[in-house]
Amino acid sequence: MTDSGAESASPPSVELEAIRKRFGPVVALDGVDLEAFSGEVHALVGENGAGKTTLMGVLSGVVRADEGVIRIAGRPVRLAKPRDAWAAGIGMVHQHLTLVPTLTVLENVALGVRSAAWGLRLPFDQVRSRLDALSNETGLSVDPDVVVERLSVGERQRVEILKVLYRDPRVLVLDEPTSVLAPQEVEEFFSVLRGLASEGRTVLLILHKIDEILAVADRVTVLRGGRVVHSGVSDTMDSGSLARLMIGRAVAAHEPPRPSEPGAELVRLEGVSARGSKGEMALRDVHLTVRRGEIVGVAGVDGNGQRELALILAGAESPEFGTVHLPDTVGFIPADRLGEALVPDFDLTQNVALALTEAPRYRQGALLRWGRLRSATARLMDLHGVGAPTPAVRAWQLSGGNQQKLVVGRELMRSQNLLIARNPTRGLDVAAGRFVKDELRRMSRSSAGEEGEDPPGVVVISSDLDEVLELSDRIFVLRRGRLLAVPEDRRTREFVGALMVAHAGDPSE
Amino acid sequence: MAELALLTSFLAASVRLGVPLALAALGETVSERAGVINIGLEGSLIAGALGGALGALAWSSAFGGILTGAAVGALVAVVFAAFVVGLNTDQIITGTAITMGGLGVTGAVYQARFGLTGTTLTLPPLSSVPVPLLHRIPVLGPALFDQAPTAYFAVVMGILLWYGLFRTEWGLELRAVGESPDAAQAAGVRVRWTRFWATVFGGLMAGIAGAHLALDSGTFIEGMSGGRGFIALAVVVLGRWNPLWVVVAAIFFGGASALQFSMQALGWDVPHQFFLALPYLLTLAALAGWVGRARAPSALAHPWPKTSI
Amino acid sequence: MLTPGTRVNRLLRFGGLGVALAALLITGVVAVGALVAGGYDPGVALGALVRGAVGSPEQFFSVTLVRSVPLILTGLAVALAFRAGVWNIGAEGQLYAGAMAGVWIGLAAGDLPGWIVVPLVLVVASTAGAVWALVPTLMRLRLGVGEVITTILMNFVAIHLVGYMVHGPLQESRGVFPQTDALAAAARLPALIPGTRLHVGFAVAVLLGVALWLVLRGTVFGFRLRAVGQSPAAARITGRIDGKRVILVTFLASGALAGLAGAMEVSGRTFALYEGLSPGWGYTAIAVALLAGLHPMGVVAVGIMFGALEGGAGAMQREAGIPAAWVSGIEALVILAVLAAGQGRKWLVQTRLERGRPAEASVG
Amino acid sequence: MAVASEPVDFVRRVARLGLWLAFLSSACQPPGEDAGAPFQVALLTSGPVSDAGWYAGAYEGLQMIADSFGAHISHQQTRTPAEFDEAFFAYASSGYDLIFAHGFEYQDAAIRAGAEFPETTIIVSAGGRVAHNVIPLIFQLEEGSYLAGIAAGSLTKTGVIGMVGGVAIPPAEGTFDAFEAGAKSVRPDVEVLVTWIGSWNDVTAAKEAAVALLRRDVDILIHNTDAASFGVFQAVREARGDGRDVWAMGMNRDQNDVAPELILGSAVIRIPEGFVEITRLWYDGDLPGEAYYAGSKASLVDYVVNPARVAEYTPELLALLEETRTGIREGTVDIPRIQFVSDEEANR
């Protein structure tokens, strides 16, 4: 099944053989074979649920395989817990960042490494100098003494990588590392990865974006439904063939946005300033209007006021200064699905109800009309293709894509006026992401209301520049709390990307 | 001069009353830093008191009593840890059971050993040891440097634990386990192992605190811990989970308790219940005033790994 | 189609009986071992336990059910608070506050007819319980001080305040004994079943359990409360719920329930206020609430179970000479056994699910 | 059993009960056998009987009743006032003849139970309410502590004496009032300090309270803290270790041999003997339907000079104590008493 490359003279640095893993009734990995060699950047691709993250979990000791053999540099190893993986020279950068938020960068980097003296000492100076050296080598720089929770997501990612490199692993595994980076940062990051590989390491990457895969990977392994469907050098592939391999069918090219005919004004922010959770000025003098029938895109790296802007637009928080005019009901798709959009232990009906407790249709005085909510949830699941056997399953049991479909559908039920979406497709596979984008566009174009009202307005706040470019009628960049309008004639990846990253995410200001 | 003597005796009493709280709270600080809140501290404390009494009798030495008390307190914590770390049961409810059980079993064992109607134990004393030279300092000397060995032990432990928590790799791992066990595990830290031993250490310190109670008063009686396990929990918060502040907070609470005795001894005509409630009121005020938003370890009382059903 | 969701539910439901049996077995084995080691006859002891709990209508109604009232009410107080993520360990103090206020108003209004006085006692006591909970509530909401510790501290303050009250303002009219005068008949809770000591407080407690269950299940407020308890961030951002308001209302309601428990005790059982009125119901309530899975109806059931256990323990003292100290030991044992059995069930469900055939559903 | 710690005391008490004890016990079955037991006696306490004090004395009394009368005995420790009715009902309905409820707190429930079960007699220690079958048993410990006060007032060198109390309940307050009066009767300018610790079993608190009092120049300390009293003795022991000339006094039971080197004497109530005496009266049908006062008259209360410390007492003081003891017995010496039973109750 595998198509061994030219490097096969030495044993593969990572060799997986017939790995199987089942979670309850779900088979996540169904006999996966994989070989990766030192000196190569190896991309692992596939849709959500294809088993990529589980496979990487197996390799990093987070998930224990039911069956199969793992060999590192030719020797079989048992990876029952992360310690074993570290000991075998495998370093993992997870998709869900695994830093301790309340510790400093330095402490996070040093965590879990025993230097000497039975751990009775914490050699801060030593850690600091090695960290400096690593920063210089890779170009990933970060203040070692700052507490991690004060860092932006992008910066945390850097710390995560530094932390892994600090242990000098021979195999580096990264799960969707680019999702929080701006385009220019992605370029830089890829060159770091290539540099690491050229030192003789193996870099295993999970990626979603096809152009990124083709840009960085030496070899590509495609997973589908827990099986390897293809493995080969990337030079022989193009985006079309790769997409077909991943999804199993051709993907229609998306249509470009057709010009909108904006309707009545829905939102007006004037001179809005707001403080962030740490008391810093997160938004400064923001002016923004949104009309019916248009999609306004706000690009920018997380940590530049995105959260505050979203919450103010959603009506969940009030600004410190300035005036805000909002419609009565606002739908909101937050960035953190299981933290802010859904209650993981609630079932789907309850999660739908969470957004509708004010809606007169679903209340009778102080009582909730659970019957109506249940049938509404069933309809919603049908309409938006939420893949779940019954509305009685808990939200955490759904895949990320299905969770997001539920959230989008629910927020459309909540408001026919305005929808605010933050990173609406993050962590979704191509098909699910496509679905969500289509929904957003469809609703902003059609007369969505049942009584034939005007279409709602949509604001997409995202760090995914491609998403913003693809969806938006008007584009802004939010950087260091300031909202910058992008002129119609400069809607290019390069221009907007440059606007996003000029000193991106520097929280010191 | 008389005022100074009064001050000295007040300070000395503050330290004396603070010592058992400091010992128990220091242990609890360690286990809470690892994410385990032990409401069963009272159980370890009373078990340590009985263990201390029995040990002191068996070895005819106060030191033997302290060691036995430590062992018994640790043993109780092993039971607690087996449940909350091993079986992943709810920490609050398990702790409640451990407190109930500790009070009950010590009573039963005491009665089995010394008869249903009890007896008048006289234990080898935990005599105070003056620190050479220092105890001659006016006012402070006799108050601070003429104390039982356990008092010095508490202070030394405060410093050692501060160093251990914030200046060693062990401490870093332990704090990470209490803040974010998932992240700690991903970094290769043995989360359960760490939590288990931190909890047992907490019990050991509570056992020493209990043994101190028994030896300091020279006897054991049922229920003599008198809720100090719960107070120790408050002291941990008051000390912001920092061993050095915990020692200070324990002495603060000890001072508030000493105040009730000093004031009654002065013959103030205020209902004595007011003085009895005073330490708690002062602690509430201190929490409201300066502890404010001090943050508990993020994963405190969270079972790990999270069970999915 | 057998979906994984219903599979789990069915397994859990089926497991319920198994847990009870396993817990009973563990408790039985350890308790018998301990009794034998202590030189007692386990047969006599356990016989007494059963007789004392359910041996006769008198024992069941006048002992088990009567004892369950404060456990149910404080259990509901704790369960309600925990559901909203409020760690109220202060039911003990709130109970005392309720008992003090209840006795005070009961004595002051003793001349009025019963249908006025009894409700008045209950309302005033609930209010006092809520007021006692107000201090930790404000400290949490305004100052960010966690309530676990403040509620414990307030418990100690309440206990000493009771001491002051029965020696001072509320002391019985001769001024000798540290207790209050006995409540007049009008201020006492009427009997629920004539000829037994079971008072209407039991019915009130059960009805409150049902009411709370319905509130949590069916009302907007109950739903919001659960959302705040499960995920404060999602409640605020998606639910647009004012978490502080929910916490305020829940905390005070929890205090009121505990305060009511205090009133039930003085107005239904002791008819006067004493120091040491509560043997730590506020703490036992935590075990009751958590063992009940924070479900109000479960609290009623577990409260009755604990009532039976404590009633039976009294008989064990009387008939088998088992000292009281053993009783708390055995109670602790029961809790630990239930915990262990519960975890065992989870483990069992997990393994059986994992061994089950793959489902068609896209869950996971 | 438990009494082994005070063998001398035990032997003395047994000896004093002498003849009729032997007479009765020879006629009886071994205790614990229901069949053939002439009657059943129960004891209720609100604290553990392992306190080697107030409750332990009651339990010893119960055992002596079993030994002497062959009664079937049973004991229950109630944890809360809410259990009183239940316990009375359980005992009375299963045919117990005599129930000792050892504490004032039982009085209201005892009246309720007494009305429901006229065949059962309830004895309430330190109680204040009377019915034909509900009898307060009032230990007049004031008499013993008045004598202790005389001793303390005479022996203090600093002129300051102290008292450490557990929970401020009438019997405890009464002993302190009498102690103070006794001291002032011999030394009017004596200063008397009191500290309450709010608990019967917090030894550490008792010790600290004693330490604080000793710092205030107290040189003789009496207590009424039940089990926590060891804390008071410990404080005195340590102060003596520092070379201070300070003393303690025992209370409730004869504690002289607990710490013979530092206890001057003890104000004693002989609870077990009191129980046996009550039982005897009840057995003979002589128990009056009114409060039973157990005082020095019946030799149930006394101040016992520590034989090991008798050298501290001057002959004059010993004589004064004897004289006062007689005076109290004969009613010629007036001492402050708490009136547990109001006249109205007594005449009911």
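A, B, C and D label the chains in the order they appear, each numbered from 1.
Everything below uses one rule, namely that contacts are C-beta pairs under 8 Å (C-beta built on N, C-alpha and C of every residue); 3 or more make two chains touch, one makes a residue touch a chain.
A quick note: this is a predicted structure, and the numbers were derived from the prediction, not measured.
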item: Reference chain C; chain at largest CA-centroid distance; value: A
item: For chain A paired with chain D, centre-to-centre distance based on mean C-alpha positions, whole Å; value: 76
item: Rounded Å distance between chain B and chain D, as computed from the means of their C-alpha atoms; value: 35
item: Length of the line joining the C-alpha centres of chain A and chain B, rounded to whole Å; value: 46
item: Where chain A touches two or more other chains, by residue; value: none
item: Multi-chain contact residues (two or more partners), chain C; value: 160, 163, 167, 323-325
item: Shared-contact residues (touching 2 or more other chains) in chain B; value: 107, 110-111, 116, 222, 273, 276, 308
item: Contact pairs between chains, per stated definition; value: A-B, A-C, B-C, B-D, C-D
item: List of chain B residues in touch with chain D within their complex; value: 5-6, 9, 13, 16-17, 20, 107, 110-111, 114-122, 125, 127, 213, 216-219, 221-224, 226, 257-258, 261-262, 264-267, 272-273, 276
item: Contact set on chain A toward chain C in their complex; value: 22-28, 49, 311, 314-316, 332, 334, 336, 339-346, 350, 353-355, 357-358, 363, 366-368, 370, 387-390, 392-394, 397-399, 402
item: Partner chain A, residues of chain B touching it in the complex; value: 167-173, 175-176, 179-180, 182-190, 295, 298, 308
item: Chain C residues within the chain A interface of the complex; value: 1, 3-6, 218-221, 223-224, 226-227, 230-231, 233-241, 353-354, 356-364
item: Chain C residues touching chain B - in the complex, by the definition given at the top; value: 8, 12, 38-39, 87, 135, 139, 143-146, 148-150, 152-154, 156-157, 160-161, 163-164, 167-168, 283-284, 286-287, 290-291, 323-333, 335-336, 339-340, 342-343, 346, 349-350
